[in-house]
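Before anything else, here is the set of structures, which you'll find just below.
Two complexes, one shared chain (chain A), two partners (chain B, chain C).
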Partner chain A sequence: MTLKTRLASWLPPLLPLILSLGAAEFAVRMAWVPSYLIPAPSEVLQSLLDDRSELTMAAWATLSSALAGLLLSFVTGTFFAITLSSSDLARRAFYPYAVFFQTVPIISIAPLLVIWFGFGQPTVIASAAIVSVFPIIASTLLGLKSTEPSLLDLFTLYTASRRQTLWMLKIPFALPQIFSGLRIASGLAVVGAIVGEFIGGGGLGSVVDAARTQQRIDRVFAAVLISSLLGVVLVGAVNFISALSLGSWHSSERKS
Partner chain B sequence: MPWRTVLRNATLPLELAGWSMGDAESRATEELRRVRLAEFGARYPHQLSGGMKMRTSVARALTTRPNLLLLDEPFAALDEPTRHSLQMQLREIWLALKMTVLFVTHSVTEAVFLADRIIVLSQRPAQLLLDQNVALPDDRNAELRTALKYVDEVRRFTSAVPVSGEPL
Partner chain C sequence: MNVVLLLISLMFLSHTAQAGEATKLSAVKFALNWKAEPEFGGFYAAKLAGSFEKRGLNVEIVEGGAGTPVVQMVANSKVPFGIAAADEVVLSQVRGTDVVALFAVYQTNPQGIMVHPERGFKSIGDVFAAPGTLAIQSGAPYTLFLQAKFANAKVKLVPYAGGIAQFLTDANYSQQCFVTAEPLLAKKKNKPAASFLIADAGFNPYGTVVVARRQYIDKNPKQVRDLIEAIHNGWSDYLRAPESANAWMVKLNPAMDSETVKESAEVQKPFIRPANLTDKELGKMSKERWATLVDQLFALKLIKKKPAVDKLYENF
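Moving on, here comes the complex of A and B:
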């Protein structure tokens, strides 16, 4: 890419950002908006710089909890989806509860998690895992159930075992859906980790909570900004793995 | 299967049967050579033409050296030159391996060119209309397509199929 085309691809999304940040800065400087409601972007930047060591540590804590929660929900969710896909009876028996589980608001069971797991990381990880498990179950199940019938026939014809059919056909076929579930789940895992930290303590969640009680709106914004970036990083990591494993064959990741 | 290369698609039946990867690959390569795809082993299906995909699945079917090959209108979606060349290749494969091939087609010319024996079925409900051998020699080449004896055979089998007034 030449500098010109690079600029052409970066400028459109950057322009609204620069304009809105400039407008916010201007509005706060002119005292149209009280700075205890919306901080000037420059104050947020200052806070990012001043508290960088604390924010970095908090971000690491949140990221590692979110990753651990995502891993946990990926393992249990995939296992669950495979079990449900292999038996109609199991699906009828358990899938409604998976849906029900999804509708339980995490904020209301977070206190329960503290009772069960105590203050600290286990609660945060559990919270991240609970909010991110359903998209993984739902999309993996969809992927496993939508195997091309003619390929299933081929495997039946060659008397493939159930395990062979699962590993050599159904799972590869479901990979695009598995990754799309993971993408959704990785954003949610960060949300779940921060909700868990509000109540269980630690990480960016605590930073936001503490800054709020100290009326440090600039720090709240700085922490919120970083937590969104964490989500972007996780989704980016999933995209990277997805491109690696699907790049050679699936049309969604193909370049040419 | 779109995520496997041509070679891996061809080894699939052997992998499922528990062959070692080395043995499976050498057998699959042999069959790919038979369908003239040996140099395309590393390609993925989306990089192949329709005729090449068809040849890949024929190679895959041949890896287990079956006694019976069932082909249901395999060349119907291909253009005529490709279809003709695949018909010749199928004849070659059959001459080399001599398995029974049950080939379903709607084309009388294709049937006469390929077959030793033609069974004509009627429309629903399918009834046996005709079961006759084709009076043509084993070596069938491109010249045969315009030879008088070929045209005579085509005429014989065409007239055996009643044209009904009913729409298909």
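Moving on, here comes the complex of A and C:
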């Protein structure tokens, strides 16, 4: 890539960022907006620098919990979706309950998670898994149900077993949907982990909680910034794996 | 002749219009940081006795919930008056606001640590030195004070989510409390609790402080004076005879039963009016106490510069 094309790919997302940060800084400097309502970006940056060791440790804790939660919801969600896709009866019986996970207000059940799992990481992981499991179930199910009928006929023609059909046809065909579910789930897992940390302790959730108590809105923003970075990292990782596994054959990942 | 009549009637009209203006109460909101309970008894007593209305004020007491950012709401002029802790006022001013303390309900801060008596603790130091769990608001000034004072703690600090559910089920669980509230609730659930004051450990900011913006006070000096006078009388009444205000608060906040409310109102009396305090001195604050608080917050590195102590509060 030449410098010019590189610039062309970086500039569009960078420009709005620079403009909005500049506007925020200017508004606070001119005292149009008091800094206890919205911190100047420079204050947030200062806070990022001052508390970097604490924030880094907190970010690691949150990332590892979010990853563990995501893994848990991926395994259980995929298993659940495969089970549901295998029988209409099962789907009608259980799918409505999967929707429960979509609508559960995590902040209101988080205190219960502490009573079930105790303080610390188990609660945080459970919280991350609960909020991230539904998109995985829904997308995987959609993927498994939308195999091309002609290919299914072909497999039937060759008297393939159910297991062969599942592993060699349905799952590979569902991969794009599975990955799009994972993308949504990975952002949600970070949110779930932070909510879990409000109640269970540790990580960026704790940092936000303490900073709020001390009216340190700059630190709140610094922690929020890092948590969204974690989301970006997770989504990026999913994109990477998706490109690796689909790039060679599926139109959604093929370079145009 | 007609012109004179017209003039007279006009004068009369404008006169009645003015009279109407004078009897109209000015509406002000007063934001609490929790539901109706004895901690706010004097405010409800003032409202019940018509003390605000007598002074031309229609005060609406707005209940809060967990995490209602009252100081920030006052600083941002969403409500003219609110409730905060003294340390919140200092932090808020250092962050650039002009929020000022006007009346302190608790001379001794009732913030404490409550524990299971079977564990045999004699002080907060014992709680920190023993294994177990302590639920406490992370980052709060009193938390940082205790962490600094009792370094090398064996106890595990965990977030405090409110309530006493965890305390009732876990024998190794200690938690923050208002010694005038949660221990009474625990006793009611047949789990008697022992409690220790954080004030006794050396951190004693004024508690349940009425706050307003300096800008607002300077613009409405009479209204502020009247409001604080009514609040003062409300508390004076409430300490003498809390029954009617208690009955009203139980109705507003059914989570509290009348027996606990009655008991809590009794237990908190010495916190509001210590033996050496006269009725007139109710709610008054001293420069030394504010200066101590500022020094402590500075030592805890919660503030990087010390605000002018005189600007933090005003006694009316």
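Basically, the second predicted complex is superposed on the first by the 255 of 256 C-alpha atoms of A that agree within 3 Å, B and C clash if a C-alpha of one lies under 4 Å from a C-alpha of the other, contacts with A are read in each partner's own complex, and residues count from 1 in each chain.
Keep this in mind: contacts are C-beta pairs under 8 Å (C-beta built on N, C-alpha and C of every residue); 3 or more make two chains touch, one makes a residue touch a chain.
Note that the structure is a prediction, hence the values are computed from the model and not measured.
Participant: Check whether A:H250 is in contact with chain B, with chain C, with both or with neither, and answer first, second, both or neither.
Facilitator: Touch status of A:H250: first partner only.
Participant: Have a look at where A:L3 lands relative to chain B and chain C in the superposition and call it first, second, both or neither.
Facilitator: It touches nothing on chain B or chain C.
Participant: Counting only touches as set out at the top, which of chain B and chain C does A:Y158 meet: first, second, both, neither?
Facilitator: first
Participant: Of the two partners chain B and chain C, which one touches more residues belonging to chain A?
Facilitator: C
Participant: So, does A:L17 touch the first partner chain B, the second partner chain C, both, or neither?
Facilitator: A:L17 contacts neither chain B nor chain C.
Participant: With both complexes superposed on chain A, which partner does A:I199 reach: first (chain B), second (chain C), both or neither?
Facilitator: In the superposition, A:I199 contacts chain C only.
Participant: Scan A:L37 for contacts with chain B and chain C and give back first, second, both or neither.
Facilitator: A:L37 contacts chain C only, not chain B.
Participant: Tell me the contact category for A:L89 with respect to chain B and chain C: first, second, both or neither.
Facilitator: neither
Participant: For the complex, give me every residue of chain A touching chain C.
Facilitator: Going by the criterion above, the answer is residues 34-37, 110-111, 114-115, 119-120, 198-201, 206, 209-215, 217.
Participant: Please output the residues of chain B touching chain A within their complex, sorted ascending.
Facilitator: So the residues of chain B in touch with chain A come to 1-4, 12-13, 15-17, 44-46, 64.
Participant: Where on chain A is chain B touching in the complex?
Facilitator: Residues in contact with chain B: 151, 154-155, 158-160, 164, 168-169, 172-173, 175, 246, 248-251, 254.
Participant: Touching residues of chain C toward chain A in the complex: what are they?
Facilitator: For this pair, the touching residues of chain C are 67, 69, 71-72, 75-76, 88, 91-92, 95-97, 133, 137-141, 156-159, 161, 165-166, 169, 302.
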